[in-house]
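Each of the next two complexes has subunit A plus one other chain: subunit B in the first, subunit C in the second.
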Partner chain A sequence: MPGTSELIRARRRQSLRRNLTAYAFLAPALAMFVLFLAWPVVMLFIQSFQTGGVMGPAKFVGLANWRQIFSDDLVRQTIFNTLFYAAMAIPAVFIIAMVLALCLNAIRIGHTPIKTILYFPTLQPILIAALMFTFVLHQDFGILNILMRAITGEPVNFLGNASLAMPTIAMVEVWKGAGFWTMLFLAGIQGLPRDLFHAAELDGAGPLRRFFELTLPLLKPTFFFSVVFATIVNLQVFDSVFVLTDGGPANATATTAWYIYRSLFSFNEPGYGATLSFILVLVVLALTIVQSFWFREK
Partner chain B sequence: MAGSAIEFRSVKKSYGTHDVVRTLDLSVTPGEFLVLLGPSGCGKSTILKMLAGIEEPSSGEIYVDGQLVNYALPRDRNVAMVFQNYALYPHMTVAENIAYPLKASGRRLSPGESRTKVEEAAELVRISDQLPKHPDALSGGQRQRVALARALVREPAVFLMDEPLSNLDAQLRDAMRHQLIELHRRIGKATIYVTHDQLEAMTMADRIIVLNQGIIQQIGSPRDIYHSPANLFVAEFIGHPKMKFVPGVSLGGNKVRIGSVVLTATSPTGAEGQALTVGLRPSDLRIEGSGENLIAGRVVSSEFTGADTYLTLASDAGEAELCVRSANANPPEPGAALSVSVAPQDVHIFDADGRRM
Partner chain C sequence: MKPNVTSISRRRLLQTGAMAASFAAMPGLAMRPLFAAEALSGSITMIKGPHSADEAKFEAMIINDFKSVAPEVDVAFTTYDWANMNAELTTGFASGNPSDVLYLVDLIYPAYAKQGALHDMTALVDSPDWAAERAHIPEFAWALAKQGGGTWGVPVLGAVYNIFINKDLLAKAGVLDSWNKSYGDMMEAAKKITGNGTYGFSARTRTGDFAFWDWLPYVHNAGADLLNDDWTACGLQGAEAATQFLIDMHQAGVTPPVGSMSTQEQFDLFKAGRIAICHGETPQIGELVANSPAFEWDVAYAPPGEKGQTVMGNFGILSIAEASPNKDAAWAFIKHWASGPQVGRFAEQVNLQVVRDDIVANMFANSPAMQKVQQDFVPRVKGIQPHPQILKMLQSIWPVAERAYRGELSGAATIEEMCGIIDGILKQ
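Right after this comes the complex of A and B.
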């Protein structure tokens, strides 16, 4: 029979072997994380204290970029625009996707082609979707404006009107994203135990009560993921703005990501762009942490 | 049928070309405890779901308390159901779970009345101390009680129970079985109970319906079904260890030959020379019997189960082995010669189609 110290040594060896195996499996993911996420964030932080670096060597400027952010009106405008966009796009796409998911869940036969059609916009690159919408929304020959003219007699300048441009971009993003969120919610709904709903039906709960008192509370884990993911994605809205309005009219659709891009590649201010990017990372991180606490408490 | 709590008239259920329930005619009297018993996939849960309104019958009519309910919503059928996996709302407390039918059905009860009803139902199933907890903090048995309380609080005309004890361990199942019987006595409402466990069926039922492949094989009291199985399926399905079957030939009158043994039965065995199947239960074979219906054999193996030992016997009753129950503390060892006898009323005769004769 082995002695106590021998047993302890054997247990340690086994534990070490188990840990090494776990680390070996984690290593590739960790390497990717460091290379493509952690390291760029560190580089952003370093660049936020520099200017130049694209055409010539970077120059240390201390806190100049950070000070500039607080005095830059366009930064405030882009933050407001981004939040305004997210406040429209996220609830809209969630409500539409949930309604579509509930409808699809209720259909017993023939839902596969409908799912395919609904998911199709999600598969399109946003650049193609945005370009397509420039034709749909065009003031003279866009199909939406042909309809508007038939109804109101007047065309609407969706992308040229400062108060309509951002809602229009939100509409395009909702159109593109609805399929993805529908599939996600549908998977969530179909994963809920059917017996609970049968029990609720027998208990006397109608469809609305079942939705608000069972489906929604039981989908909380799905919603947590959705809200966090949608916030992260929507705070970085760029492509559709870039193609449809390029931040206009009068910076009405200038979003934070669009401003970062412009700072880096058009205004030749990589240090300033890096500072904005770093702040965006911090904001997204903070929001994710707040949301996770909020959902945990709920 | 007048006075039935539940009635099925020519009810069928098919999924495409697959018939799950074939022509069900059945009535349940008020206060009766009816058990639907059968193997998995025999259609017993489907019958319950059709009655609850969760599944729609393909044809036929279903009545609850004399009212046609085919087109009624589940909530309007005046039935409550206890599900196999309890179906408790995980985000609600035990009290909220029990109160949910009162709230959801739109009954205008004051908070005080509602609380009283919840407390009464909880008291009935002995979970009063668990009311503030969530279901995930309860054991399987406690969850089962919450599900029962939720069914009780509605005060329905009919209780439906879909294998409610199958997720519990053996000890808890025994305890819950007794409590369910006691509860049914106190409530006195018609109950349809689905199970594949024959012990539950035998101990709880006023009447048992044995189902196979969507067809009723036999309806009767537990005693009827055990002592006079209607066919080979029921004979094999009911009883543990299973009834042993031996091919035989009718000798006319009440006599049948199996191997070199001639047995006398109480029922006629048909025309002389007719091929039959003879069923003998291990518990009906008496060791060291004498006189009529004597079978000589040799012990092949023995299986100790505690109170009893089951002996497998190679006998002169043909190639098929028999099984004999021995309550003796020192049963014969394998290899020992052993004679058994069987009373004529315990000789079960089935015709070539497997029907009882």
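Right after this comes the complex of A and C.
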């Protein structure tokens, strides 16, 4: 029989081998994470104390970019606009997607074509979506405005009105995103244990009670992923703003990501853009941490 | 300069060929080399925003002709997208291997010049062997290519921001001869015409449409400009009344609702006969010539202000990248591109203005409107001040004007707020 110390050594060797194997499998993903996520964030932080660096050598400017950000009214407005947009788009798309997912779950025959149709907007490039919505929203000939004129006698200036422009962009994004979230929620609902629902039904629980006391609590992991993912994506809203309004009217749809792009590429201010980007990273990180605590406590 | 991307018809191509032939026949402007460049060799690249869907074809003509000048130099042409020109050009410069020859508009080149991305061409354009050619480009155009003590390119093309008028609508309202005598007359004309889905007046209102081009002539006519004479502070003081006039126009209900239409949509409405006085730009003349609307139209400029009657225009220059390894060949190609026959033919092909004064008399023989713009409007042009942060200033102040056009600010408050933004940018 081998001695105790030999046994311990063998166990240690085995443990080391197991750990090394695990790290070897982790290494490619970890390398990608460091290369494409951690390192750029570190670089952003460094660049936030610099000016230039794209077409010539970078110059250290201390806290100048940070001071400028705190005195820039447009930064405050873009943060407000971004949060306002996210506060509209995320709940709206979740409610619509959940209703659609429940309806689809109830349909036993012929749901595949409906799913395809629902998912279709998600596949549209934003340029196509923007063009389509021109024909829907246009003041003169847009379908929605023809309806508005028939009902109220007056067309609505959807993208040119400072109060309506951001809700309109949120509407376009909800239209584009609803299909994706519907499929995600549907997959979650279909993965729930059926016997629990049968038991609740036998106990006399109605559809609403089953939804609020079974479906929603059981979908918590799906919701956690969805809320975090949707927050991250929506706080970076850029393409629809860039295509539909370019931040206008009067900066009413200027979002943080749009301002980062403008600082970097229109104004050639990489240091300022990097500072804004770093702030956006911090905001997203903070919200993700808050959400994870909130879901854990619940 | 906004692009005008249109296809070319066979008829237009034949016209273009005829025009090229007429240029070749002009005394002193025949398609012959203006300089000796046979000794040059190697390859260079040129990048430019497209002024036509046939841009590559038109550039190929210039490049082919260059072969007779510098047979050992190969020129590869590529384009950038106007909407993303800054992003694409910045990426090119950042790569360390940008195009050797760059077509840059006056709005963006100063920022690149300041960052050392462009070659200072002062010695090249001032060289005695090019003096005769240099003299054909007027000083106002050279002024736009100079900044920070250097000359950063050769001015070649310009786009004028004119007004399109529907003469039938103006005549019907009895204001055809009076509408642009004064701002008051323009307001009165617009009010008389507006109704039943027809608007009296339209100007760009959105930042994304570069709406400041339509506001600036009114500012210049008031004797003001974005910056003061030595570019150390805001120079908009004096433009309060002119800005108030444009606010009043938008508040009087004689324009499409503020922000409701893009510049193209406004022009489409003009083509449909539903706008009488429509701010636009000269490349759009091609659209009106190709598809004649069902009314008589003409080009015009804004009424006189207190200090003058100017026309807004912006210009494109041909620059050399500082990183170019073949600057001699790049300079030879720029001289060729900017020569009368080449730039004249190209300008006619894409409906743009030239800055050379020796070829204008023979240009646009088949387009009275373009001829009018070239001969009457261009001399009135007052362009932008090529400050390195001019684009940032214009894009940052325009949201204030958008609010003003909506009736949220007076002309005086608008100018005060704009000056606060401009002075803030200058201090950065």
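Everything that follows uses one rule, which is that the second predicted complex is superposed on the first by the 298 of 298 C-alpha atoms of A that agree within 3 Å, B and C clash if a C-alpha of one lies under 4 Å from a C-alpha of the other, contacts with A are read in each partner's own complex, and residues count from 1 in each chain.
Heads up, the rule we're going with is that a residue touches a chain if its C-beta (ideal position, glycine included) is under 8 Å from a C-beta of that chain, and two chains touch if they have at least 3 such contacts.
Only a predicted model underlies this, so the values are computations on that prediction, with no experimental measurement involved.
Peer 1: If subunit A is used to align the two complexes, do subunit B and subunit C fit next to each other or clash?
Peer 2: Here subunit B and subunit C can both sit on subunit A without a clash.
Peer 1: Quick check for you: in the superposed arrangement, does A:F120 touch first (subunit B), second (subunit C), both or neither?
Peer 2: Touch partners of A:F120: none, neither subunit B nor subunit C.
Peer 1: Subunit B or subunit C: which reaches more residues on subunit A?
Peer 2: C
Peer 1: What angle, rounded to a multiple of 10°, is defined by the Cα centres of subunit B, subunit A and subunit C, with the middle one as vertex?
Peer 2: It is 150 degrees after superposition, to the nearest 10.
Peer 1: Once the shared chain is lined up, is A:L202 touching subunit B (first), subunit C (second), both, or neither of them?
Peer 2: first
Peer 1: Go through the superposed model and pick first if A:F212 touches only subunit B, second if only subunit C, both, or neither.
Peer 2: In the superposed model, A:F212 contacts neither subunit B nor subunit C.
Peer 1: Just to confirm the geometry: in the superposition, how small does the C-alpha gap between subunit B and subunit C get, in angstrom?
Peer 2: When the complexes share the chain A frame, the smallest subunit B-subunit C C-alpha distance is 52 Å.
Peer 1: Touching residues of subunit C toward subunit A in the complex: what are they?
Peer 2: Touch list, subunit C to subunit A: 84, 86-87, 90, 93-94, 111-112, 115-117, 205-208, 256-261, 265, 269, 389, 391-392, 395-396, 399-400, 402-403, 406, 428.
Peer 1: Looking at the complex, which residues from subunit A come into contact with subunit C?
Peer 2: Interface residues on the subunit A side: 52, 54-56, 68, 74, 138-140, 157, 159-162, 245-251, 262, 264-268.
Peer 1: Taking the touch rule as given, give the residues of subunit B at its contact with subunit A in the complex, in rising order.
Peer 2: It is residues 49, 52-54, 73-75, 77, 79-81, 83-85, 87, 89-91, 100-101, 104-106, 150, 154 of subunit B that touch subunit A.
Peer 1: Spell out the residues on subunit A that touch subunit B in their complex, using ranges where they run on.
Peer 2: Its residues touching subunit B are 193, 195-196, 198-206, 209, 213-214, 217-218, 220.
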